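Here come two complexes built around subunit A, the first alongside subunit B, the second alongside subunit C.
Moving on, here comes the complex of A and B:
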């Protein structure tokens, strides 16, 4: 670490241990714990919730079992790699013998310390919360990191990685943001090879062909289990809520994937039993909603919980903190190392429909497909404050959806509870609108038939 | 259904609570407005009782009570509650069928709705968090200028050329107004400038709805002639102002009461009622 003024960390905060008071740290920790408990209590209070959900709850518990396990893993010499984006191949991390864990924060309180350093410049609250949690050490999992992998997708994430370097070693991945063109694949492939080399350096272990193949197999199995869970969301009365599905998807980035798959299979069995008993989540005739837009990370479940409290049910999402984590398996043609890396690179790049890419027409295509498959009646498009890319794409998506006669509502939100009632009114009106439309479109179809 | 002749809509807004009593022909029979207190439930009960007794209507003549507005949940004696967006669009639709864009400029919110076929809302937008351009904004400005809000509109119309007020934040606009007073600007010119600013803001929301259709303006600010005139000037399209702009939400809520007897086109009724009838029935009614 150099002490020069021009290069190397710390760049942003020189007295980083003394800058924040102990009192502020304690407050951030206690507020985060309180928030997590409150959100979890709301989740637990859902009607007819499967019992297996307890496992997914526990994985997300603030300072829960997962922290303890990671700590033990590290004390045995293991390395933990934090990821700041869904575009990091967990297979590679695991094949190197390290553990991957998603560290983007959904906690509200850490936004304040980040504001103190950066000034409130309308920045993305998720970026600020992730940073703030590290600044005041309020996220126990973020304290157990040996390396952070940060793909430079949007402006917020680009600088987040840079600032984070003041606290932990960060590996930035260069993302080719223009998806067309000859250099795209080459650049991204080079980045994946670079990540592989860096991971090998970190753990001191070469990534063997067999190990990688095994990891890819594990993740593909998990995706298959996820796909079977999705089938239940297609039902007329889905036995599982959208909030729980988000929780499940996000748990895969926290826990060992084999244990996750085991629990997902258990959940599948339980859902099957629930369906046979006629149990279901939400009310009968709930408006079928798709959640889209900026990432919604536990415990920032403000929008999804409002949707599901207002007579809607989230039957699908296109969030990078939800379905996109689990949406596309790695397709292997050959099993040589270079082919596997290529397949990984493809899976983590091309299906990704983050608005940081252009052209991004694949996003609307995928959304329309999900709308058809899951019988979606309306789209709730959520943008975090300062998420310019999602904000910009909203117009295009709204226009395309209107052509398909699917209404969309755009909601901007922050990491605080101040706007809950306003947003609730809008969501309720949206649900009322969908239900009125339903009555008429039903009649129209009847006439045609 | 048996012959109780009246329905009641109660709109518990952020600033004021409105009660509208309508008959089965959707005519406004009686109404009342009062500032919303900390106990909206009690307030609306008292207001309703007063309105009914003033009009000489007995409580047993009321068939249905529908609550709307931000405090709709606290009206515990209502038969049902609907959001102010649905209620307003319903009210606006019945009062003026031709309007496509329905704008509700309330105490703390500006809501624009786009009406689709048969009165169903297709799309709606609201102001985000910031209350600039709403009723409470104009109220604050009138207070700063020491003008009664009731006279503010008429005073602004007297202005020969409005000042330019650019700040879009209530607090900043207030300091701008104070500095204008210090410079010795006329009250009516400052008010006209403020009204122009509100009109521009509302017009921006109207334009974002992507329709060239006529506009319906309601909500408390619709009573302010200054804003309305400015809006007519900038909107560049037909603008319709109802007789009681402030009561549209409450009337719309009352119109939402389910009714069995055949009136005119009952197209935005409760789902259950609609399903009983065929599409052709509805279609015929719309055409009539």
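Moving on, here comes the complex of A and C:
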């Protein structure tokens, strides 16, 4: 990085490097560390938690092993590429010999420095936290970046990428936001080809056909492992909580995918053993909840932990920080370079149901299908303050779900703990309502035994 | 190593289809290349499959219906075209029964074109994808060829029109430009099965070259203009064999459109119908085996799903892993 240099493009926040006092930096770091520890302790306190989860905990630990590994990797000349969106093909990054790592932040404290400097209090807190963490250098992983890839999905992400440029080189990808039409596929394919070229420039190494094929294989294997884990969530008493599943999904964007897959397979075995012993997560007869809406990134587990503390169990989610990371495989028809790139590009684009797209009927269709498969009884739709796209879609989705007789609660939240008790009351009422409904409609809880 | 096994990973239908195709070629053309005859029963010679087997190979057991169709139209005036009508009825019945499955599971043209595409893939050349406008332009061409065949074959057989003299030049109009004719005439002469230097069908040889070049770059190029396909396409939408789509399970991931060898975009775009086979789908099942959503796409016979799309990770052909790439 070239922080103090006068060279390079004009900087948005050029003279603000010294803007923050050391105390503020230290406070952000220590508060982040504290928050991460608190959330992790809560996770660890869950009843009947599989032992393999320790690995997934460790991957997310603030300043933990993953940071050390990345630092070592970089000191050996390796390049680390940060991603700000789930639409960036990790296969391509890995095939170039670089390491991909998701850097969107779920920490609360960095919101404050971003608030001070950006002057947009209504901005999405995830964007603010990601930027704030970089401003005060409070996220150890974000300090190890050689390139940041940022697809310009929503307004927040668009400017996030632009402003991030002040601290690390950023590669913006143009997302065609209207999904229909003849140019969509071509435009996105062009962006992916551009990403490939830029990654090759970064690592100084051509992306070979065989290497890409191998990476696609690794990720497809991970996807298959994820698919098998999902089967356990379909059970009447799932052996794993929704929070843990979020943690697992997000770990795939932090860790080496082969190690992740290995651990996911271990977890699968452990879950199988737990099922045989009759162990399960949450209480018997917990309300089966689907988590939808804005991204929920570790350690911002406020909403999911409240749901699972209030007698609910998250059996499914449609978050881009959860199921959507792993929901689709790359299916190769032919194995020439351009065909593989096309398969990759389409996998990361077309099945994606981000509300930044229009038309987005696929989202409600996918939600309904998940509701059916996982026997969901109610949807908790979470939006971050300032996430207009998710907010705007909420009403439409609520209407559609009402037709299907699935209750939905919409919760708007910030990155702070101020509203916890208020949200808890609403969630408890929602869960109670579901259980009462169950008694009235005579519906069996859950769909599968 | 990227051998055959590699290619079949992710395939639960294609290997079976390849077996059928190879058996088809062996049955339809084997004798032309010295494989011992299956039999010379006249019954066998009367068996018209809706596919290209070629009359220009002297000893093959059967021929494509299109040859009989043209021949019957020219020579059948005196018998009130009974022969042609019977053949066409048989073909219509076959299509109503199995749809255009004849195209993708039996037709030797299909096998050759897929072979060329395989060769292209090995050479790391990407397929040329026809633009929407070009596909729309091509769509009616096959019907035009079918119509022209009738337009030429029929009048030259009517003695009243005085066109009998044209018979030597214009009879069997499609066979004269059919790539198969060119291929078999040349290869039989080269193999010494026929004397060298017998009249060469120049037009057919040119179209053979066009066929080879176009289907090397464009997937299933010939299928898009095949008049036999055109005839079958008129009835295939009523067939018992069909492509079923469970719209609720569709994630609009576009895989079906990308892998479709004939660019049948209806599978991807249609979000209302259950039957998405339409007239252009040849029921090859590529989209079914590649679709990652369990039970979203199926090849169905009547109300019964014969094979459905499944999650990647399930076992495919002979225990190979479905959707597991590059290991």
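The rule is short, and it goes like this: the second predicted complex is superposed on the first by the 429 of 449 C-alpha atoms of A that agree within 3 Å, B and C clash if a C-alpha of one lies under 4 Å from a C-alpha of the other, contacts with A are read in each partner's own complex, and residues count from 1 in each chain.
Going forward, contacts are C-beta pairs under 8 Å (C-beta built on N, C-alpha and C of every residue); 3 or more make two chains touch, one makes a residue touch a chain.
The shown structure was predicted, so the numbers you read here are calculated from the model rather than taken from an experiment.
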- [ ] Classify the contacts of A:177 with the two partner chains as first (subunit B alone), second (subunit C alone), both, or neither.
- [x] neither
Open item on the list: Is A:428 touching anything from subunit B or subunit C once the two structures are fitted on A? First, second, both or neither.
Closed with: first
Task: Touching partner for A:205 - first (subunit B), second (subunit C), both, neither - done: neither
TODO: In the overlay, work out which of subunit B or subunit C sits against more residues of subunit A.
DONE: C
TODO: Using the touch definition from the top, say if A:235 reaches subunit B (first), subunit C (second), both or neither.
DONE: neither
Open item on the list: Under the stated touch criterion, which partner chain does A:343 make contact with: subunit B (first), subunit C (second), both, or neither?
Closed with: second
Open item on the list: With both complexes overlaid on chain A, does A:335 touch subunit B (first), subunit C (second), both or neither?
Closed with: second
TODO: Could you say whether A:33 touches subunit B, subunit C, both of them, or neither, answering first, second, both or neither?
DONE: neither
Task: Partner chain in contact with A:71 - subunit B first, subunit C second, else both or neither - done: neither
- [ ] Could you give the residue numbers on subunit A that contact subunit B in one complex and subunit C in the other?
- [x] none
Open item on the list: Help me check something: in the complex, which residues belonging to subunit A touch subunit B?
Closed with: 402, 407, 409, 412, 418-419, 421-422, 425-426, 428-430, 432-433, 435-440, 442-444, 446-447
Task: For the subunit A and subunit C complex, residues of the former touching the latter - done: 179, 182, 185, 209-210, 213-217, 220-221, 223-224, 227-228, 328-339, 342-343, 346-347, 350-351, 362, 365-366, 368-369, 372
Task: Contact set on subunit C toward subunit A in their complex - done: 2, 10, 117, 121, 124-127, 132, 247-255, 258-259, 286, 290, 292, 311-313, 323-327
Task: Of subunit B, residues touching subunit A in the complex - done: 70, 82-86, 109, 118, 120-124, 126, 128-129, 268, 271, 274-275, 278-280, 282
